[in-house]
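Right after this note come the structures.
Note that subunit A is present in both complexes that follow, paired respectively with subunit B and with subunit C.
Let's turn to the complex of A and B:
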């Protein structure tokens, strides 16, 4: 009874490994197929949902508000499905936001660099050297995206339990290593680790509900108690706190809401200027 | 039947993992032995060799022939152990020193900074602040050193076949994962791999013989035929040729020697 999160520097490789792991373990596969449901539940068009997961070097990307709401909707949908247990998840950036849950095994797969270069050369119809440069640029964009959006560098190995480089290790062997590792007792779900996951699910659900009105909220949950942190001007503090408390209180699973509203110094400075 | 290099930061439990892997597989486990062998063989104080491969080089050091020569001596000493196969090496830069040998399983063992700080505080009886500062300085030294010699960051996961995070996974889990991977097909020593190890040993031996006098030289061997690439003018190349002939005359297993003048040293040379 575990959860396996797989991340990679190459989407197709990640998918192939995740599919094989799911087949070998008999776990359910959780991937981008859920994005349609996420789109209809959040009323954000599916292309925008997909775009929020794809780093772009272009300056004309999704507006931050839309992107954050789309990502929160994805996170909420992923968390609900992870509660089912026995899941292999990839392609939904779950390794960046499912944290502190002991029965989650996090794996990063690194594809052969030469293979990625030649794929890039074919895709973009460019020479090998140009493709190598493009790949480096793409990696830098991906790294910046993970830092900007989740505050974590996804290339940092300490984010994972294991990193497997496929330069010498064959996919089947990588799959075997993952399947064996997940069978270790420490990756079995326990009452406490399930509670941690439930808390995370509730906090992201509350955040998503509040984001329609307040985009700057940070939410943590412990059982049925929810703590919301936000910023407000002195004159709007009471009203905002009451609104947040009322909105969050309506969500199922929430019995007590605590709101901490700090001073919004930037807006205050802008208004006094 | 494999060679395993284990790269680690201080207090990352890499040493413990390496020793247990070696014991589990019945392999030889070495680290400092390589430096002792190099020190004895080339009559250099061990401390000087340690500094050459541990401390980050200064600007002047980067162009120092001595440092490069020390490095060649250490690589030669390691190559002698590698020829015997069934080896776990957890000294510095094994994954880079043995670049080009196909069956080497390159592993990095990492631990959370907080766990490492706790271990350092306990062992050295120092404050948390001091332990943090020492660990970060040590990591930075190693990063600069690898960067200056190989142009790579030792924390880059793509340099290794496997990175194991000892936190949720225990030392024993890491041992099991590494031992299991080492026994898989790509890491088995075949006849071809054995030949590569022999060739690598020859190339390292000649490089060690040239390194004290020549810095722009690369060596490789194919089935005992040694190719030396020298970057310099005709006179320089002539001197390299003369010295290489002398050195190979004392070596066994050399079939042929060729010295080529090049503008840029090939990537697959030692």
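Let's turn to the complex of A and C:
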């Protein structure tokens, strides 16, 4: 079985294609409808959860800690649902954090540029040339967001298994191409790829739990072994390491925790200044 | 039902065969262990195995070549790839070339037994219950 992740430079186009692919394959559709549940489980208001997924050029965005915790909560919810297999997912930025899993088919849909310009002109009530400039600015913001938050440029085609330019392909043809491609054996799940997905699900679940207390943690998992990387001042290193080990050790599915606490040179410099 | 399930196990690390042979024998598999891929290929030419379990990274002949060889000689044989250097691209290539499953090392003998059970099922056998009875052995 497989998972299909669809992303696009235009949300509505992405949604339309994803819905048709889900209908054609019989797979479950995973989208922003889960954000209410994510909000309840994480105790972060739903508008903030939604805002964490929306790049903004404004300096008055979400504080980084809230944004990161909101995104971790989304990731955790998405990963759990992807473990069910036979899922079409869009609108949850999964293409930026579900990486290296062989039975995940990643699709990038490029919407017709003229259509996007025209939509922008209507939405903002501006002329075509102004809309074109606004679109370019929006694209730059979106690209910077993907780099800042996930360290990946979502416009890079090498991130995807298939890029479909809708200016040349009709929606039905795009859906057929996706449905046919996902049937290839290379996109079928196997013991290794399922383990990859389980490892990522556990690592984000542990990270989310630790983020309530420690926002600066990076977590990887291999089976039931979890490695946490963080930074600490020399005087707090031992206590922080023990706390993290204890917190992570309580999480279901974790049997061994390794903590690597590097020196927090920025806080150290700030304190010695 | 697993009685007589013929398995060829190929890994150039002797410890792998030493450890896995008894684990698979416990669920009724007849296991032939090879460390030299060339000798394994000769044996595959002589006999149609139900299941071939092969490491990927080996000198001279790699696991993907073994997979291709098995695919040419038997449609029916299920090939399970094992590797300590698992990567998405290799996993996809193996599946595209007809591997039944792909497991990354290290794994527990029971992990392989579960995959063998799936392969047996695909071959029309069922060794599910035998696995649960011998679990943790």
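Basically, the second predicted complex is superposed on the first by the 273 of 273 C-alpha atoms of A that agree within 3 Å, B and C clash if a C-alpha of one lies under 4 Å from a C-alpha of the other, contacts with A are read in each partner's own complex, and residues count from 1 in each chain.
Criterion: a contact is a pair of C-beta atoms (placed from the backbone, for glycine too) under 8 Å apart; a residue touches a chain by one contact, two chains touch by 3 or more.
Owing to the predicted nature of the structure, the values given are computational and were not obtained by experimental measurement.
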Touching partner for A:220 - first (subunit B), second (subunit C), both, neither: neither
Touched partner set for A:192, first subunit B, second subunit C, both or neither: second
Subunit C versus subunit B, contacts on subunit A by residue: B
Which superposed partner A:102 touches (first subunit B, second subunit C, both, neither): both
Touching partner for A:24 - first (subunit B), second (subunit C), both, neither: neither
Partner chain(s) touched by A:184 [first = subunit B, second = subunit C, both, neither]: both
Common interface residues of subunit A - those touching subunit B in one complex and subunit C in the other: 102, 184, 186-187
Of subunit B, residues touching subunit A in the complex: 102, 105, 108, 110, 112, 155, 157-158, 160-165, 167-170, 173, 177, 180-181, 184-187
Contacting residues of subunit A [partner subunit C, same complex]: 100-102, 184-188, 190-193, 195-196
Residue ranges of subunit C touching subunit A (in the complex, touch as defined): 86-88, 91-93, 95-96, 98-99, 101-104, 111, 114-115
Subunit A to subunit B touching residues, read off their complex: 102, 108, 110, 113, 155, 157-158, 160-165, 167-170, 173, 177, 180-181, 184, 186-187
